[in-house]
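Each of the next two complexes has chain A plus one more chain, namely chain B in the first and chain C in the second.
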Partner chain A sequence: MNQRGFLKQYGLPVLTGLLVGGAAVLLTLLGNPKNMGFCIACFLRDIAGALNLQRAGYEAELGSGIVQYMRPEIVGLVLGSMAIALFKKEFRPKGGSSPMIRFLLAVFVMIGALVFLGCPLRMVIRIGGGDLNALVGLAGFIAGILIGIFFLNHGFSLKRAYKQSYAEGMTTPVLMLLLMLVLLYAPALLASSRSGPGSMRAPVLAALAVATVIGALAQRSRLCMVGGIRDAVMFRDFRLVSAFLAIIVAVLIGNLITGSFKGFSFADQPIAHTDGLWNFLGMTMVGWGSVLLGGCPLRQLILAGEGNTDSGITVMGFIAGAAISHNFSLASSAAGIGAGPVAQTMILGFALLAAVSAANLERVEV
Partner chain B sequence: MNYAATFHTHLAALRSYKRLSAAGVSARQAPVPRSLSSSCGTCVLYQYHQPALDLLDGDLEAVYQMTTEGYQLIHQNEE
Partner chain C sequence: MIDARGYSCPMPVVMVQKAVKGKEPNKLEVLVDNQCSVENVTRYARNSGYQVEVSDHEGDYKLVLRK
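Then we have the complex of A and B:
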């Protein structure tokens, strides 16, 4: 491949990855939690909190839980994707591909992510930040993706999506816009943490602006943490996984420049625990479920912005999963895994993934 | 001639790839080219003297002929 060909193939994914990594470092400098400049699972969990669907760590004297905030980053990603999709005439409302199954899968993907403490995007940000627990998570994530690929290659399908109305396709972006307007003009309607990770936040408009740019770039590059590994394994296509690596490089360099990098270690990493088994299994669930869903949580937000209502339903499943996770004490913390029935729920989740995978197999040879 | 077929599902791409291969058509699966779609699905790239529509799955989305100028749409199923 010559230089021009290389740039054409890898230029946009690598640029997007570098900017996502840079944005994560910038948002951390501006106030977001460490190694959590950009985390789709964490931020959707915070939104579940803002809507009072969960009040984890509620402190009566403060009147709030510790992970409640209407994160503008999520709004920005969806609206950035929508704006560029409209501009490029790629806003095509479609849906109807097993929405209930997608909702259930999303619930358990979120539960797995909160056992690990992060979505695939935060996993790579944590790796760039020196958190070796995230490497254990990556191993689990790859294992989960390989299981998903096995079923894809043996005829797994959630069936095709069909064209939907413009109004249906606009539902998720409009919902996000409305939540943003409430945050800006009637914030008292939303719960808001006064302590804990939910109280650590970049300025609203800065977070919205950064995420809008990232949303647009992610739409153009089809950035997807799951898709990167899936394409590399299935097609020996390394374009998306190059973005994955670019994020790690950008975060590492950014943390070195800002002095946030404290070396590679398992212990004392920000908002992370050292239980290797659960770090592995949490991300296995995320990887497997995300392959069945056709993309990681970030990708689902971007697709929802393009008018994909199946992805919109999936995002709702993530929010529901976050609420369940915290209300039943399934989410981990820096102290370790949650005090609730984590093992039982994870067994249930893996059983559900297996059942969905098997029940949706069709004959490949016809 | 070189063709690229896009599908509504990965399964449809897989089935089409298997049928084309069984019929002796040189084919491979690949991510859908970005210039064709914003979706991250699977397409089938194949070489044949005609588009071989009869070998492609019913969940076919579109078939493009690959030319020096790029992809030229030659067949599209109803959405």
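Then we have the complex of A and C:
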């Protein structure tokens, strides 16, 4: 490949990765929780809290749980993607590709992510922050992706999507816009943490602006953590995985500059636990489920911004999964895994993934 | 002719891969309905030694792969 071809292929994904990593460090400096500058699972979980779908760690004297906040980052990602998609004529409302299955898969992807404590994006950010537990998560994530690829290669598909109306395609962006307006002009309507990770936040407009730029870039570069490893394994295509590596490099350098890098270790990492088995299995569920869904949680937000209502349903599934996760004490904390029926739920989740994988095999007619 | 309209990534590429691997047809037509799939199929086809031509097809995209 000549130099121009190389730049054309890898330039945008690497640039996006570097900026995502930079944004994560910047948002942490501005107030977001450590190693959580940008985490789709955590922020959707906070939104579930803002809507009072969960009140984990509720403290009566403060009147709030510890993970409740209407995160502007999620709004920015969806609206940034929508804006650039409209501009580039890529806003194409479509949906109807197994919506109920997608919803259920999303519930368990979120449950797995909260067992590990982070989506694939936060996993990468944690690796760049020196958290070795995230490497165990990465091993599980790759294992999950390989299982998913096995089924893709044997004809797995959630079937066709069909063109939808403009109004249907706009549902997720409009919903996000409305939640943003409520946060700005009537915040008392939303629950809001006064302690814990949900109370640690970058200023609203800064978070919104940064995420809007990232949303637009992610739409252009098709950034996807699952897609990166999947395409490298299936097609020897390393375009997206280059963004994955760029995020790690940017976060590592950013943390070194800001002095928050304390070396690589397992113990005492911010909002992380050291239970290797569950770090591995949590991310296995995320990897497998995300391959079946066709993309990681970040990618689902970007697709929802492009008018893909299957991804919109998936985002709703993530929010429902976060609520279930916290209401049944399945989510982990720095102290370790949750006190609820974590093992039983994970077995149920893997059984669901296996059933969905096996039930949707078809011969690809050529 | 592969009709991959409505399928999300990576399905269109998987369908093309199945048609190309081991069979090496001289010409293959592929229909997709989004720009991301156009890029992914094009990249895969070029890496497999095909030249790719993209044209409009009733508001969707038609890719013609030639050896």
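Criterion: the second predicted complex is superposed on the first by the 363 of 366 C-alpha atoms of A that agree within 3 Å, B and C clash if a C-alpha of one lies under 4 Å from a C-alpha of the other, contacts with A are read in each partner's own complex, and residues count from 1 in each chain.
The rule is short, and it goes like this: a contact is a pair of C-beta atoms (placed from the backbone, for glycine too) under 8 Å apart; a residue touches a chain by one contact, two chains touch by 3 or more.
All figures in this text were calculated on a predicted structure; none of them were measured in a lab.
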With both structures lined up on chain A, is it a clash or a fit for chain B and chain C? clash
Which holds for A:Asp310: it touches chain B only (first), chain C only (second), both, or neither? second
Report for A:Ser157: first if it touches chain B alone, second if chain C alone, otherwise both or neither. both
Thinking of the overlay built on chain A, is A:Glu362 touched by chain B (first), by chain C (second), by both, or by neither? first
Does chain B (first) or chain C (second) touch A:Pro187, or do both, or does neither? neither
For A:Gly227, select first, second, both or neither according to whether it touches chain B, chain C, the two together, or no partner. both
Once the shared chain is lined up, is A:Gly336 touching chain B (first), chain C (second), both, or neither of them? neither
Per the contact definition in the header, classify A:Gly294: touching chain B only (first), chain C only (second), both, or neither. both
Do any residues of chain A touch both chain B and chain C, and if so, which are they? 88, 90, 94, 152-153, 157-158, 160-162, 222, 227, 231, 234-235, 237, 239, 294-295, 364, 366
Under the definition above, what is the set of chain B residues touching chain A in their complex? 8-12, 14-15, 18-19, 29-31, 34, 38, 40-42, 57, 59, 79
Chain C residues touching chain A - in the complex, by the definition given at the top: 2, 5-11, 13-15, 17-19, 33-36, 39-40, 43-44, 47
Report the residues of chain A in contact with chain C in the complex, numbered from low to high. 9, 88, 90, 92, 94, 97, 152-153, 157-158, 160-162, 222, 227, 230-231, 234-237, 239, 294-295, 303, 308, 310, 364, 366
List of chain A residues in touch with chain B within their complex: 85, 88, 90, 94, 152-153, 155-163, 219-222, 224, 227, 231, 234-235, 237, 239-240, 294-295, 299, 306, 362, 364-366
